[in-house]
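One structure is given here, and the rest of the page talks about it.
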Amino acid sequence: MNGNDVILKVEGLKTYFYQASGVTKAVDGVSFTLKQGSTMGIVGESGSGKSVTSSSVMRLMPSKTAKIVEGSITFDGVDLLKLSNKDLLKFRGDECCMIFQNPMTSLDPVFKIGHQMVEMIREHQNISKKEAWDRAVEALKLVGIPEAEKRMEAYPHELSGGMCQRVIIAMAVCGHPKLIIADEPTTALDVTVQAQVLELLKELQDRLHTAILLITHNLGVVWQMCDTVMVMYAGNTVEYADTKTLYQEPMHPYTWGLLDSMPKLSSSSKEALTTIPGTPPDLRLTGRCCNFYNRCPYVKDICRQSVPPLVEIKPGHFVACHRQNGQNRLIRGEVNAHEEYEE
Amino acid sequence: MVKMILKRFLQTIPTLLIVVTITFCLTRMLPGDPAVAILGVEASAEDIAAMRAEMNLDKSLPEQYMLYLQGLVQGDFGYSYSYREDVLPLVLARIPNTLSLTLVALVFATIVGTTVGIVAAIKQNTLFDYFFMVLALIGVSMPIFWMALMLVLQFSVRMGLLPVMGMGDIKNGIGDVISHLLLPGFCLATTPMATFARTTRSSMIETLSSDYIRCLRARGVREWKVIGMHGLKNALPPLVTVLGLQLAHTFTGAIITEGIFSWPGMGTMINTAINNRDYSLIQGTVLFSAIMFVFCNMLVDVAYMLLNPKVKGA
Amino acid sequence: MPERKTQDVLGREANMAMLRQERKANNAWNKLKRNRTAVIGFFIVCVMVLLAVFAPVLAPYDPNAINPIIPYKGIGFEGHLLGTDDLGRDILSRILYGARVSLVVAVGATIVGATLGVLIGLLAGYFGGWLDVVFMRFMDGMFSFPFILLAMILITVLGNGIWNVILAIGIANVPSFARVTRGQVIIVKEEEYCNACRVVGVSDLRLLFAHILPNCVSQIIVYATLRVASAIISEASLSFLGLGIALPTASWGSILRIGRDCLTTAPHVAGTAGLFILITVIGFNLLGDGIRDVLDPKMKQ
Amino acid sequence: MRKRKITALLLAGLMAGMTLTGCGSSGGADSTTGAGTTAADAAGDTSAAAETDGVGGMSPDASVEGQSLEGTVKIGVTDAEPVEGGTLVISMPSSPLTLDPVDYTTVYESHVMSNVMETLFTWNEDYTDVEPWLATDYTVSDDGLSYTVNLRDDVYFQDGQYVQGRKMTAEDVKYSLERSKEESATDRVCRDFFDYVEVVSDTQVIIHMTAPAGPFISELAEIGTAIVPKEEVEGWGDDFASHIVGTGPFTLEEIVTDEHVVLAKNENYWGTKPHVDGIEFRIVSDSNQAINAVETGEVDIAMYLQGEAIQRAKDAGLLYQTASSAITYIRFNLQNGPTADPKVRQALTMAVDIDAMVPGIYQYGEATRAYQPLTAYSWAYNASYNDLVPSYDPEGAKALLAEAGYPDGFTMSLYIGSTTYRERMAQMLQYYWGEIGVTLDIHSSAMAEWSATVPDSWQDDVVNSYGVSWNSDPDPYGFVDKFFNTQTIHASSNAGGYTDEEMDKLLVEGFSLTDQEERKAIYDQIMEKVMNEYTGIYYAYECRNWAVSPKVHDARLRADNQVLVATSFNNVWLEP
């Protein structure tokens, strides 16, 4: 896994929020690697730490209280955590781009599209305004925006959501992106547009040989887009494998739950969707034991006593579960003998 | 765009008409006879009657109102009996004084207030933030006439650093003008400055925590550009609104501050006018301050339109 | 083993406690209690109200008892904690009684302004059309007056006296309340439940007062609290100009007015009264800020 | 012989006319005074002065209450070698509004006017008599109906828009005096007696009267009768008021309302040319600021100091005080309400500790205790009547009230102008009367409102009492005739509504007599009668207070509140 083609390597990342009410362990030990030109998905419920992970990679914390306390992030052989602010600016936007959830709010509402694109291009490339303008128009055309020149003069509110997302993607391709982080890029868009945007991303990836880190809670999207998948729960990686493996042989009870809660086109649609009972734990209180214990149907004493380590069960397939970590592998659907704490 | 501005401009006319009407009604309700106020209490009844006739006070109220309106339309704001001068030149002579004081105060307040607000927003929850926000809280809570007294006591009376009153004369050099402007200007600037600091801070914090600011950062845009251009421009609309309100506030403050510092502006004149029951002058000064206010508000609205592309496009 | 169980149980209990707390925290009152600015503001306001209410008990002297032999005595002079004024009256006693006037006027004026302003704002905002145009143009007209000027003219028209001051400042307050309310009503009346009510056939007036008004109340309360602060300053300004409260009733502004005449020889007269005004106004501003932070989630940081 | 009679008549002149420059007194900065006497509570004030702090002698029969009275106070050294140049800066609290002699009403205007324009006659240095100025001499016909006045022939007008240094002639005198009669807003040149001016030659006029008027010549010393050139008056029209041209030692350079008035030395002045290059009257509404300005040297002479500023001037050694002829008092409603009963009025007077009240109101010694409705240095003043003011006796007052049918007291009103001194007085009365069960409602308002409310208020029971100050020249006529004559019952001076046939008779008698001793006997009667009727509480004589920079020399502060700059007997110069 440590070959030269690795573009991003995250090891033992811990990002905490220091607030008056306590320390929220938003990301509490996440590790993964991403190869050049490949796509990795991060899935999990809201609040599981997906977005914070991606923000940490960009070193762009959503709030001042957040801090990376442990771990390392290596991008193309460079330790991002040691980058100076100046180098960081170069890294952001040029080598690594980020696409956010809501395209409508991702563009500054009071500046024209063109202005924002030119500004960004000239931030990274020492070219004239005219050249930057032309490049921006080119990029807009590339992402399939009709009447690109006209759009340059438009304000964000004059474009549709899908259009905005395309503009943002266009911005990404203006530089020399080696990595695109897409944080739920389609959630805010309607279904038909979703597919188009994803298609576009894929197309660009093929053309530019860019790695994509796709954050989503939609397993369908993952299936469609990703080479590898990381499942996160309450700030931890619970399972990490290539997509096929994960879909075919999911190992973690949480992944099971997640897959069950997703409609499958392939199988009988009459099958009822299940939800995972209970709510995720308060992130200020995690780190003592398995974070999933209170919702896990297979919970055992050990789950309440220590944090399960992330173990490579099969080559390339990592799971963090006490019950999968040993001789007696847990089988899906097994009846739990110890339901003393069931609520 | 031009159409909208024009429409906004036309909207001010009924407002001003209402101001004229309210002022007219209020001044006629003031106790005291302006004719007596002018002639003095020893004047004979015939003299007073003659004066009342000259001032049109013997006519019925609707007639007086119509006469006043007619005059206004023709640019005749009436005759000030306490100053023995036409109201229009009298007011026009004062406006620059008041305007220079209020504008200097406002410009100063805007620059300092917004700067402090921006820095406080960036350094949110630091000692700097706390210190200046407490200061700003004191600033908005300060009775400025009291502060004026205290400042005069300290800087003029005790330390003898600054002149206590009056307006400087450019003939005595720019230093004279500035030293005379310092205390009244600062007093007038206090409330707007504090308000700006508070508004800028909260507006900036709100803006800086918005998605597009994160996106800009993610795109590698330099921090000063993120804050100085994008942050500020987005945080501006509430500031513009506050600026409009503060314009009015500052003018109100000027009425008292001018009195304390003997600043020869509209404020002192309004006081004299009310004390002397000088109807035309009260109406004139109120009307002019209302015109100034309405005009400033119009500018604010136009600025608002220019700043907000959603409105602009519509 | 038991030790580990304890750890886990503790975790669960902490979890439950936190949930409970969060539920509690959603209650506005509790939010307010946790808001530091609001608590400080509330404390200051309470202290001032208590001082005002118990003025007769707390005041060491009759506030109007003159003693021409000891004018302008400084702080701590023979039992006069804050000294005496030009007529040898005890400043502390006058400030305590003055608190009554200042608070009553400020709160009264705000109530007058809010009642009229909210009513106008509700009607204008809800019915729109010519009613809106007429009302709001009129409000604009009043708003164009410098606030203090309007109050000055009104008080001159009405004459001196505490009720007239309340009325004058109150009337001068009407336009801003009308604006705030109207803006809020326009937002609220477009909301789903209002349409639902209309569909069900709820009458306009009932809809206005039973559904729309309650949804504007929080905004109005915030605004009113902040208006009380400025009304205190307005009252002081009027008294400072010699308008308003009839002599010899003490108000903070009238003490300042006296203090102005003896700024160099007896700075404590103006100094103490001004400090009381400042602190009280800070109190109301803090309280208002706090309430706004709690009621307006957008402002919450 | 004739001269002597004129001098004797002078005082009669004072009574009728001198009050022209006079006006209200003390208090705030709001001064409107219809020419003639006025009760307005205003800062402007005039009239005979006393000095307590300045140079100058004492006239023994005028000494009252420890104040020495002098018409004029000398400032600085008068015998040193004068220095030429410099601008004399004088602060005053309010702006002159119109400088046209026929229109002016406030004392501030007269300050400016009297340095630009001149009159036929002028007051002598001691402020006791008038002497010819633009006139050289005059004679009166035996029937008192025509005055033959000879004029100087070396007097030139200043350069203006329409005249360029023209010589002043008899035609100008005719024009100016007749204009004064016709156009003045108030009674000038004894207009009811003045007929017309006959031009005999360029340097002689005969003034014809319809009836004899004793004070006429002193009237011609009043600045409202200044000689002005017709061309300028008619050329400017209404704007003449701000472009005055006269024959005086200074010319008007600039007027900026509420800022300053600048005068420049008249290089072609016919008399002794001033040492200073000019005068700037600067408008400083606040006394404290005025005294600050004197201390920093921004201002040379500050007029009309009040309150704390007086103490500060005293501490700095800059203070000059001149007593004014004003009496400050409250009067009761004599016709309606509880105060119509003399017993009640007596009780109210007894309830007040006036000896404590006066220093309480005037904490910087700006006033002395008064007793009678008459200025203390009038020749008619008889200190023995002071005892008729009941002494402080709250118990006695209560008993009297009970006797009058008010055992539990009553509620009454007091109307005053909203100035510090009046408000302080009102609150003290409120306290003292409160002690005997009388509740006082204080109505404190701007003078415009006061003067619309108080006159004629005796006709009903709304205004029970009012406080104000009255200023006139020292003749008793200027006081008692205004206060107690039935003819004045609609004026503010007699707003309490005093009317009494016997009193009216006495007043006429006192006015018509020319012998001072005889008159004094009459006024003694009047005073004794009035003092026993408790018409009001006449509590204080307010002084005038000035701060003068030590660099000012050879100036005169005069009783009528004028600063004399360049006259026949003084010429101000400034130490550089």
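The first chain written gets the first letter, and so on, giving A, B, C and D; residue counts start at 1 in each chain.
Quick note on the criterion: a residue touches a chain if its C-beta (ideal position, glycine included) is under 8 Å from a C-beta of that chain, and two chains touch if they have at least 3 such contacts.
The shown structure was predicted, so the numbers you read here are calculated from the model rather than taken from an experiment.
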Target chain D, source chain A, minimum contact steps: 2
Pair with more cross-chain C-beta pairs in contact, given B-D and C-D: B-D
Middle chain, criterion being Cα centroid separation: B
Chain B and chain D, separation of their C-alpha mean positions in angstrom: 40
Chain C and chain D, separation of their C-alpha mean positions in angstrom: 49
Chain A-chain B separation of Cα centroids, rounded to whole Å: 53
Overlap residues in chain B, where contacts from two or more other chains coincide: 30-31, 124, 157, 259, 274
Multi-partner residues of chain C (each touching 2 or more other chains): 156, 263-264
Where chain D touches two or more other chains at once, by residue number: 288, 445-446, 449
Complex contact set, residues of chain B against chain D: 30-34, 36-43, 45, 47, 82-85, 90, 93, 156-157, 160, 163-167, 259-260, 262, 264, 268-269, 272, 274-277
Complex contacts: residues of chain C adjacent to chain B: 137-138, 140-149, 152-154, 156-157, 159, 229, 233, 236-237, 240-241, 256, 259-260, 263-264, 267, 270-271, 273-274, 277-278, 281-282, 285-286, 298-299, 301
Residue ranges of chain D in contact with chain B within the complex: 23, 30, 32-40, 95, 97-98, 103, 105, 185-186, 241, 256-259, 282-286, 288-289, 292-293, 296, 298, 445-455, 490-493
Chain A - residues contacting chain B, complex: 58, 60, 62-64, 85, 88-94, 97-98, 100, 102, 105-111, 119-120, 123-124, 155, 157-158, 168, 171
Contact footprint of chain A on chain B as seen in their complex: 124-125, 209-223, 225, 230, 233-234, 307-310, 313
